[in-house]
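Next up: the structures, one after another.
Each of the next two complexes has chain A plus one more chain, namely chain B in the first and chain C in the second.
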Partner chain A sequence: MELLHIIPQFLISGLTFGAIYSLVALGFVTIARASQIINFAQGEFVMLGGMVTFFFIKNVHLPYLLSAFLAIGVVICLGFLLHLLVIYPLRKASLPILLLATLGASLFLSSSSALFFGTLPKALPPFSGKDLLEIGGVSLSAQSLFVLIATFFVLFLLYILSHYTHLGKAMEASSTDPLGADLCGISRHLMTFLAFGVCSGIGALAGIFITPLFYVSYHSGTLIGLKGFISAVIGGWGKYGGAILGGFILGVAESLSIAFIPAGYKDGVAFLILLLILYFRPKGILGSPFMDSRRW
Partner chain B sequence: MVERIHQDFRKREILYSLALWLLSLILPDPQLHYRREYRLRWRDLFYLLAILLLPLLFSDPHFHHLMVLAGIHGILALGLTLFLGYAGQISLGHAAFFGIGTYTTAILTTRHGWPPFLAFWASGMVASIFAYLIGKPLLKLKGYFLALATLGFGEIFLVLIKESASLTGGVIGIFGIPWFRIGGFVFDTYLKQYYLVWIVLVGLVLFTKNLIRSKVGRAYMAVATSEDAASSVGIHVSRIKLEAFMVGAFYAGLAGSLFACVMSTATPETFSLNLSVLIVMMVILGGMGNLYGPILGAIFLTWLIDTLAQYQDYSLPLYGVILILLLIFFPDGMGTRLRVRLIYLISYWGRKKRREKVNL
Partner chain C sequence: MRKSALSFIFIFIFALSLSLSYSAEKSPYKIGVNFELTGPWAEITKTLRNAMVLEVERINQRGGINGKPLELIFEDNGFEAGRAAANMTKFTKDPEVFLVVGPFEDTLQATTRAIAEREKITNIIVCPSNRVLREMKQRWAFNIAHNDIIVSEKLVDLSLARKYKKILVFHAAHPLAQTLAEYYKRFGEEKGLKVFISPETHKHTDIDMTPQLIKMKPIIEKEKIDAFYACTSGPPGPIVCKNFRALGIKIPILGTHAFGFGFIIALGGEAMEGVEFPGAKPVVFDQLDENDPAKSINIEFDKRWRERYGTPSDQIAGYGHDIIGLIEDSIKRVKGKVTRETFRDALENTKGFKGTHGLYSFGPAEHDGLSKKDLVFVRIEGGKFKRIRFPGFE
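Let's look at the complex of A and B:
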């Protein structure tokens, strides 16, 4: 009996988690659509988004909105730097080397943020006060609604970018057919560069949205990044819709798992779902043409 | 006049090649599998003597302990180089097999009173069995997705170890694992442990060398080059990959057992993603498809981490930066790239000297 009352609450919190995972997954998909690289430092951008905003509010005493925008700017610059200093010199390197380089970058970012901002976990005040909305006996913080709306807004923007602008089409071309893109006069490296900017911006946005909900500390980025990547794989690699779907599935499954098994196993659930999906349907739920390319 | 210059240059060339020959005694051979000479050579005897004499020359206990760790890392890297370097597949979950080995030894020796020597072989077997169960479904994946899936396995392993407290002691871990013991001989000092670890490593290197020379080893390289071509000449690709994975896991299990006996504790934090990244890094630094390279990489990285530890808070950022720089400047192994650079430099130097003389 007790369980039935709790489950809607878990569903709501799962949707919030899912929205965050979707936001992170959108970042992964943006890069994958432009260059077929996987950036394992994406989770650190999420963490840095929250951390830098916190820094601007508490230490520099700037207003909330301004510091949020400044943080997004700073993280976008970091994304550009990551491309210039790590990805671009390794543009001809093989896959394990790129993989390790992004993992090394993620290690560097997380540990140096521990140096700059301290190792204590941080939380921002919510945008909308602390009041809870009551909908049918289920309490819901306004912050969660903000996160949901923001996720779909970002999805909408990315959709516009990739389907209705020349820039988005050029990005996609440089990933699907590098030689063809070169022959059309598209600079592949510029496209990857811009994709890194977009991806780190989305990551920072996700970070600003989650810091009021959870405590963010220097080492929480890695796990969020991995889960975002997992949701991108679950939904269908290289698809914006797939990233959103996978994020929500992962978030809801994780929250519901707390109701049935001990909470310590929560992180294992995500990876278990990943292993099942990779075994039975490696294309992901929506399936995508990106999987059929010879790179995979 | 011109002839004299040429003669001069030839003499110098001989000198350069002498220097190169001396260097080639020390540097690992980057292209071992292209050569005919798989048999033991003078070079191997040189390595063996160096290994045997090194701890006697430097009698610092800290150095001995460091070399014990380097040897354990070397066994791990040797296992992964079969899978990553020779068979060309990526695994980011190798630390999990190391952990399985450690915990098997820890549980068998402390709870069931097995002698460490038996637990040593048992942990290798258990790691190998786990590799079979995991590899059977996962090894059909390729590239990034294989990396992610093995990473997922590593994370699940960590979660399971932390949660099943009754079996593994949870977050606290298992303490009081006995020293390694054969008959009545107890390996209780760093010096004895050094010889234990490095003799195991030498044995495994000999085994790996023969494995690479055999039909199976050639099949690994064929799979790494092209799976389609390999299957067209009758190589069972998925089985070969699984075998490479299992042998790698077996080595990792042995390394884990040695680690448990040396450290006498087993805690889950040791087997995180960072260790997997470190092992892959050793293989990449040593050069893909190279036997001695990963061991050199293991020694180098163990030394690097120990040296960086004195900078305390700055050690991890520095480590990340050095990792990226090493990847950028030595993408195909330190031995390989260093030798190419040296040859280039020396020949450039010779050419420059000659050009200057002719211009005069």
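Let's look at the complex of A and C:
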């Protein structure tokens, strides 16, 4: 009885986390769709989104909205730089090498952030003044709703990009059929370059939306990046819908699991779900465009 | 000719040995400092380092102690137990280093304490000891900050003064938070409080405690809990408060003395309003009693700190000030040569040293310097720390 009473609250908390994981997962998927690269610096973009916004508000004394837009701009530039300095010079290397390179870039970004912005955690104020909503005995912070809205807004934009624009289609073609893309005169390097811009922008947006819920510190990108990656794999590596689905499944499962087991095992639940998915349906719930479905 | 050359060499050697012995006379007191200068606590330890440097420069400008200057040798342990141990070992190998200050954090101290015990060198640790370490009765380790016993006693006083009957404790999963919770339960129940320790804990790295708090919500409603004790330190403190208020629970929140760090309020924002905790004196030094010696020491130190660094001093800077003060005080009391052994004995015999945090007294059975009298009740109000008083409980 008592358990039934608190389950709705767990669901709400899980949905909030689901939205966060989805938002991060969308960044992973964007890069994967354009170049098949797994960009482990995605979590760092999320961290930098919050960090740079905080910097503009507190140190430059700009208004919230302007700081947020500037931060997105700065992080997108960093995304472009990451491509120019790390990915492009390694264009002839194999995927595992690129993966390690992004991992190195992620360490570099988090350590530099510690040097520039300091190591103490930082918080942003919530977007709306009155933050607490109460619906039928279940409390919900308005900020969680904003995160939810942001997730679906980004999904919508990405859907438009990949289905209704030449640019989006060219990006996708350069990963799914490199030879075909080359023959059509699509510059694959340019497409990857642009994809890094898009994914760092999504990351920064995620960071700005979730920092008011928690806080941001130089090492907070790692875990959130990892969870976003897991979400993308669970849902189906390379599918926008899969990223969203995976994110929500992970968020809700983690949150609900705590109703039954001690909270210390929460992170374990994420990896357990990942293992189960990899055992029984390696291409993810919605299937992955990068995996030969005949093999599985 | 040859004779004069020979005598010249002799004179030269004699002069050299004289100058060597003279410089040995003037060679500094070397202190090893083993801090988390990088990693999550980097900014906190930077404050601590700045405070120690400020104090050492002041002492050296006055001509040092017994005519010899102090010298700090900094090593960074990067918040890793392995590097903390390596630094500690390195310092013990330098015969001129007679004392090691650091690490800062609770989780690193066990390692360096063990090395200090083996190598027979004094180790001053900033964070408080916990029950397990204290019961080992190590001879060479000393702790500066208020320990779990006195903080728990003071918090029980606060609960009694506020007439709370039932308190729910939500503690972090590290040894210090655990013993803080246990002592609070023990002392509280002796005084007739009903203390529930939640089976749910949280980790230092958790960024959201909502699920754990949701599980506690029915207990709070069923048992009619009067107050909630967030037994934790660092960023989890404000996170717990934020998540707690986001669930719409309105009961008062109690905190530990680690809530006195300035960044806590910035991080928690409005959720921190009304949080009460047993705080260190530097947190509210301008509101201390006029006859409290800590007040004038803090005012004087704060002035010098502002002149040098441009920001107000805080609890952490106060620890740095007190560490150097304690070292100076002990060296002055050493009779004869300052060695690792004589310094330890002098430090252990410190009685009533006046620092920014209050009065430090050590003894063979007491390696935590401060006592319950060195804590005051603090409430967060309007984004500031405010001292609160309860007649009969000061």
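Note that the second predicted complex is superposed on the first by the 290 of 296 C-alpha atoms of A that agree within 3 Å, B and C clash if a C-alpha of one lies under 4 Å from a C-alpha of the other, contacts with A are read in each partner's own complex, and residues count from 1 in each chain.
Here is the rule we use: a contact is a pair of C-beta atoms (placed from the backbone, for glycine too) under 8 Å apart; a residue touches a chain by one contact, two chains touch by 3 or more.
The model shown is predicted, which means the values in this text are computed figures rather than measured ones.
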After the overlay on chain A, what do you see for chain B versus chain C, clash or fit? fit
Using the superposition on chain A described above, determine whether A:107 touches chain B (first), chain C (second), both, or neither. first
After superposition on the shared chain, which partner residues are touched by A:150: those of chain B (first), chain C (second), both, or neither? neither
Where does A:262 make contact in the superposed view: on chain B (first), on chain C (second), on both, or on neither? both
Could you say whether A:9 touches chain B, chain C, both of them, or neither, answering first, second, both or neither? second
After the superposition on A, what does A:97 contact: first (chain B), second (chain C), both or neither? first
On the A-aligned overlay, A:125 touches which partner chain: chain B = first, chain C = second, or both, or neither? second
Tell me the angle subtended at the Cα centre of chain A by the Cα centres of chain B and chain C, rounded to the nearest 10 °. 70
Looking at the overlay, what does A:233 touch: chain B (first), chain C (second), both, or neither? first
Could you state the shortest Cα distance, in Å, between chain B and chain C after the structures are superposed? 5
Doubly contacted residues of chain A, that is, touched by chain B and again by chain C: 114, 262, 264
Residue numbers on chain B that touch chain A, as the complex places them: 84, 90, 92, 137-138, 141-145, 147-149, 151-153, 155-156, 159-160, 162-163, 273-274, 277, 280-281, 284, 313-314, 316-317, 319-321, 323-324, 327-328, 331
In the complex, chain C residues that touch chain A: 38-44, 173, 199-203, 205-212, 214-215, 217-218, 235, 238-239, 245-248, 263, 266-269
Residue set of chain A touching chain B in the complex reads 38, 85-86, 89-90, 93-97, 99-101, 103-105, 107-109, 111-112, 114-115, 222, 226, 229-230, 233, 262, 264-265, 267-268, 271-272, 274-275, 278-279, 282, 295-296
Within their complex, state which residues of chain A touch chain C. 2, 5-6, 9-10, 13, 17, 114, 118-123, 125, 131-132, 134, 139, 141, 213-215, 217, 219-220, 223, 254-255, 258-259, 262-264, 266
